[in-house]
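The two complexes that follow have chain A in common; it is paired with chain B in the first and with chain C in the second.
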Partner chain A sequence: MATQVATSFYNRLADEFETKHQFTQDTAASDRLTQLRNNAFSIFRAKGFPSIKEEDWRFTNLVPFLDLSFDVHPAGIDTDSLQQAINEQKIPGLDTYQLVLVNGSIRMDLSDLPTEDLVTVQPLRNIINESFFIDHISNNSHVGVNALVALNTAFFSDGYFVEVKKNSVLDKPLLILHLYTSDKDAFFQPRHFIVVNRNAKAEIIERSAGIKDETVTLTNSVLELLIQENAHLVHHTIQSHNNNERWLHYNHVDQQRSSRYDNFTCTLPGADLVRNNLEISLNGTATETHLYGLYLVADHQLTDNHTAIQHLHPSCQSNELYKGVIMDTGKAVFNGKVFVAQDAQQTNAYQQNNNLLLSDKAQVYAKPQLEIFADDVKCSHGCTIGQFNPESLFYLRSRGISETAARKLLVEAFAFDVTEKIDNEAVKQYVQQLIYSKLSSASVRA
Partner chain B sequence: MPAERVAVAKVLPYNFTEIMDNDNNILEQLANSEYEYGFVTDIDMEIAPPGLNEDIVRMISAKKNEPDWLLEWRLKGFKAFLKQEQPHWQNFKMPEIDYQKISYYAAPKQKAKYNSLDEVDPELLKTFEKLGIPLSEQKALAGVAVDAVFDSISVATTYKEHLNKLGIIFCSISEAVQHHPELVQKYLGSVVPHSDNIFASLNSAVFSDGSFVYIPKGVRCPMELSTYFRINTENTGQFERTLIIADEGSYVSYLEGCTAPMRDENQLHAAVVELIALKDAEIKYSTVQNWYPGDKEGNGGIYNFVTKRGACRGDRSKISWTQVETGSAITWKYPSVLLIGEHSVGEFYSVAVTKNKQIADTGTKMHHIGANTKSRIISKGISAGQGQNSYRGLVQVGNKANYSRNFTQCDSLLIGDRCGAHTFPYIESKNNTVTIEHEATTSKIGEDQIFYLNQRGIDTEKAVALIVNGYAKEVLNQLPMEFAVEAQKLLSLTLEGSVG
Partner chain C sequence: MLTIKNLHANIDGKEILKGIDLQVNAGEVHAIMGPNGSGKSSLASVLAGRENYEVTEGEVWLDGKNVLDMKPEERAREGIFLAFQYPVEIPGVSNINFLKTALSEIREYHNLPPLTAKEFLKLTKEKQQLVEFDAKLANRSLNEGFSGGEKKRNEIFQLAMLEPKLNILDETDSGLDIDALRIVSNGVNKLRAANNAFVLITHYQRLLEYIVPDVVHVLYDGKIVKSGTKELALELEERGYDWLKEETPVHASSTQ
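On to the complex of A and B.
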């Protein structure tokens, strides 16, 4: 308990758990599930909220973000605003299937889903008591080591379970919209699963938004992805938020033999706090993994990207490129871990992280990390922190471009290295346009 | 293009296919090669009873006839030591250290001061000769003044007179306490405070001896200063304290090298080195470390837990660390530089070799505090057998360190499939005018490279030695000439009958 952040919120959660109010009301919880939750909560109780004394949270102090009396049973869905929010979150010019969740629960009436032979979608609460589901969660070791995942496990009640059928290729992307709304400041803990079965291919775009500007939302979401043999998943996360939103994401990817996973995480200025944990376990040989990240941080925001790739089997490839632009008094944290086990010979692991600091009050903390136990590997990482090349700026200025425009252009060019990797043309255009619109002139100015 | 000056992390042009069978034999031999410098010198010793308490601290201080302020300082260090917990963030399993089983003071009984080497106990000289440090030869050959620390007491100081003429003070720290207390009091603990970390606190409390160097204003030290440390008595942890002060506009190059005799019991070595460079001064600190690494199973061997830190206090000052680490069961140190003065420069060059079950968790910290400061880090790790090699580094830029610049390169070479290479770089910037670059690669020796050399009549063992030496060249080049030769030999010797 020494490192635990003692907050009243922690105590409130403990009381909440004691009364077991949360889950006895919506499902008749099986004994195993109750047992699982009790274990998970005892882990959280012991660890508490992560503190800056923990290596993974050294630069991200959660305490200021837990200061409100968050409502753990949010109520008051404002139906009128939902449709408007959905329209705002849609990507122009892109035809997609659509899965809408409100406060972590699926709203079929607002969704437009693919046919059952391609993809099945069901609310997580339907399977929450199934033994295969409980087996899965019990066997997942990361629940044990991560306090926030444990907290989620203790409390989650709903989420989505998306399964892409064997051999099916999704004809258009699936857009998953997470909308959160509450009359009061609220704490959400959804839990989601994506399974991409053998030889299947899918593209999923995830977006989240808190609808009410005046209330603060804190979300601790856990998403587990299983990518079966030869399957291929392209996974976009576009995080364009408003202030008063605080996000803690934990995504765990389990990749089987010869599978491929492409992740694009774009974080634009907006949310007070975004913490992305992306953990990939390569549980088969000959897998391919691409992680592309872009983070733009402005105002007082804090964006923290933690990625971890576990190379456990031979002949796997991973490639990671994260770029960040930090403006105003923004703070960015990047931690990229690549672990290569002794059996993982012929591993190719590549990682690069570049940061552009645009203000004298901006901060960046980068920690690329390699842990290698095999000798027949090619592993490298590169990391830079810098600013504009004055010569590039001069070049543009000498051609009659104003300083602000020139700076904007250079930031875009910097981000282009990541956005150009997006295959989906409409998504690429959309992200680029978001970058341009979010770069306020004031932030870019020296 | 924006000029974040992308350091494209390079991939060494090695080939990553199966290594040849005879290579495997060589690897086995590497794992089998034994430490060559194991022997115990039999000289009468005065040893304090094992155990650590306030009385021992007082006893050490009294034995050394120290002034009150120093005793006070030692006691403060002892109190800080008691308050601290063992660190747990390191990348290896921390061995149990029973501080009560260590004897904190040992001194050769013949305590006479020598003016020439002839007066030194011949057995002691033999030890040095076995170590391949011919004091007498070095005197003549390279003009190296050697302040030899044999266990805890300095027994021979050469070239002292010549240095005296220039106003350079080069003596043991106990002597400095007696003759130059004002300097010691001013600078001791000013870079590594008594409460810095548990090992530094322990050292502050019980440091036995060490070297003291003061270079006066504007003096360029005409020779390489060097101290050979050597652990000799069983159960005597060594707690050296080195303090080097380069006054304005001066220059000094300091060499530290060590070998230790073979024994079974683990020995703790918790030294502290403090460097202070004032305006326009430059300090170059080179280390060749070849302490007893333990046997094949990892039994015995030295724990080398050292706190080394330099402060570039003045403008345009420079501190450069160069280290070649081949010994010790566990090497755990981060020679660091505080870049306080404007335009000051910090450098860190390191080669760390681990084989058998050796562990190295080493790297550097560069704190950019003043404007226009520069730092450069080149770290080359070589892991063989079951050795584990970690680079852990911090580059920190404060908001006043405008236009600062850092370049970091850390490469790892893996020999054998049971070793490990790890990198933990921390890169932190609060300044938008700085440029920081970091790159790291991990690879093994390519079959095609070995084949190329084989083809030209060079056997595999020599080929590997050649490749490893080439790999480490960038660092070895930084060493002073005599040391570079020794280091190169050491590197080949370490990997001899193994990989080269």
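On to the complex of A and C.
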């Protein structure tokens, strides 16, 4: 129990689980689900919230973010502000389908979905007793090793289930908006599931927002993705938050043979805490995976990206590029693990992480981690931490560009390696514009 | 236009400029020559406002305004342009976007509205032709992957776009082949006007065959030790700098 974080929050969750347990029985949870939840909670009970004594949490101390008496049954949806929040989260100039969730549950009245021959969308609670779902989360979620996933598994009640039909190609992107609102400081634990069936192709853009500035939201979300044989998913996560928001995301991707998964994770300055766990299991041969990340961290914020790619079969390719800009007293963590199993011959795995520190007090902890057990592979990794080239800054200024504008240009330029990889032109421009507008003059000044 | 009085400057505590006096009038071209380490590039850097130089004494005036009080960007907006000896590569910043930003900041400083997209495009095309700068290069990242000659030509293209008053060319001719030298020189000659001035810093008399200077100065050990007409450049080409060193009393071992 040495790693247990002793917080009253932990104790309240333990009490809550007993009540919840009653509740799940009332709503006719299958024995398998009940057993899964009990199992998950006992893991969380034993491990507690992750502490800095755990390798994966060495640089991200959760304790300060658990300090409030979070309401675990949030109430008080502010309907008026929903539409405004939706408009704010839309991407200008981009025609999309739209799936809106409020406090983790689908709001069909605010959504605009593709036809059912292409994609089916339903509340996750509809399928939580289905064996295909329970099988999937039992096999894939790493409940046993990740206390936060275990906690989510013990408690989750809803989320979305999106299934892209076999052979279908989605004609425009699906924008998924997660909105959270509560009268009091609140804790949310949504659970989501995306299945892209054989030969299908889709582009999904996810955005999350807490609507009320005055209350603090802590969200521990788990998303599972299953990319079936020969399917292709382009998955964007654009995280442009406000303070008083604390986000813990765990995304697990199960890639089947010859599938392709492209992930773009852009985190802009704003939230107090963002921890993204992105785990990819390559469960078939000849898969292709691209992970592009960009994190801009300012003020007292903490952004932590943990990625893990498991090469388990031969002839798979993965390519990862994460770049970060850390300003003020911001702190960033990057941990990129690439695991190549003994059977995974002819693996190509590349990883690159570059960081730009813009102030004396900015911090970054970067750790590339390669574990290779096969002998016929091409793998590389690189990591840099640096500052502005003063010569570049002087060059721009000597042409009449103010120091602030010059610094912004250089940050944009640094981010360009990642943003240029975004194929969707409207998304690319939106992200570039967010970078420019979110860089406050104070932050870019050293 | 430019008046420099008794300018002294240090870098890392070491005195590099030891009392420079220079007067450049509108419409003139001045060449500054001198052996390696004499302070030519330092003078250019100090005028442009490079921050690792510390001015310890003296004055610099541009049309009645105190240059030394200004930040580098203010100097640029007032009309000082330094064509770099080693232009920096900045991947991810597009050449055109960079010029658009620079131009609108300069115009804003002078209370002028930004150019419309159409006006900017027209100006870009016109100046590209004037200095024979490839349109493909203009659309690439700033200097990224440019050859040495392309970088220097980009400096002249920027100069043409921003239309400064005082143009300082820091060894723009170094590393150029004959064709590139001719193109750069033609560009400069076309840009010469009654309301601007050029200061050419160079090692070689060759550049001055293409761009004929009104005055040639020799900088040695942080001071201007001789000024003359363009014939002085020819004499230097023939005789080197040693005869000047002998004529000039020097503090013990102060050259590099």
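Just so it is clear, the second predicted complex is superposed on the first by the 438 of 446 C-alpha atoms of A that agree within 3 Å, B and C clash if a C-alpha of one lies under 4 Å from a C-alpha of the other, contacts with A are read in each partner's own complex, and residues count from 1 in each chain.
Please note the rule applied: contacts are C-beta pairs under 8 Å (C-beta built on N, C-alpha and C of every residue); 3 or more make two chains touch, one makes a residue touch a chain.
Every value quoted in this text rests on a predicted model; they were computed, and no experiment measured them.
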{"item": "Dominant contact partner of chain A by residue count, chain C or chain B", "value": "B"}
{"item": "Partner chain(s) touched by A:389 [first = chain B, second = chain C, both, neither]", "value": "both"}
{"item": "Contacts of A:365 with chain B and chain C, given as first, second, both or neither", "value": "first"}
{"item": "Which superposed partner A:377 touches (first chain B, second chain C, both, neither)", "value": "first"}
{"item": "Contacts of A:410 with chain B and chain C, given as first, second, both or neither", "value": "both"}
{"item": "Which superposed partner A:354 touches (first chain B, second chain C, both, neither)", "value": "first"}
{"item": "First, second, both or neither for A:398, with chain B first and chain C second", "value": "second"}
{"item": "Chain A positions touched by chain B in one structure and by chain C in the second", "value": "389-392, 410, 413-414"}
{"item": "Residues of chain A defined as touching chain C within the complex", "value": "389-392, 394-403, 405-406, 409-410, 412-417"}
{"item": "Residues of chain B defined as touching chain A within the complex", "value": "1-11, 16-18, 89, 397, 399, 412, 414-444"}
{"item": "Residue ranges of chain A touching chain B (in the complex, touch as defined)", "value": "55, 59, 342, 345-346, 350-352, 354-392, 410-411, 413-414"}
{"item": "Residues of chain C that touch chain A when the two form their complex", "value": "48-51, 71-73, 75-77, 81-82, 84, 87-88, 90-93, 97-99, 101-103, 105-106, 109, 141, 158, 162"}
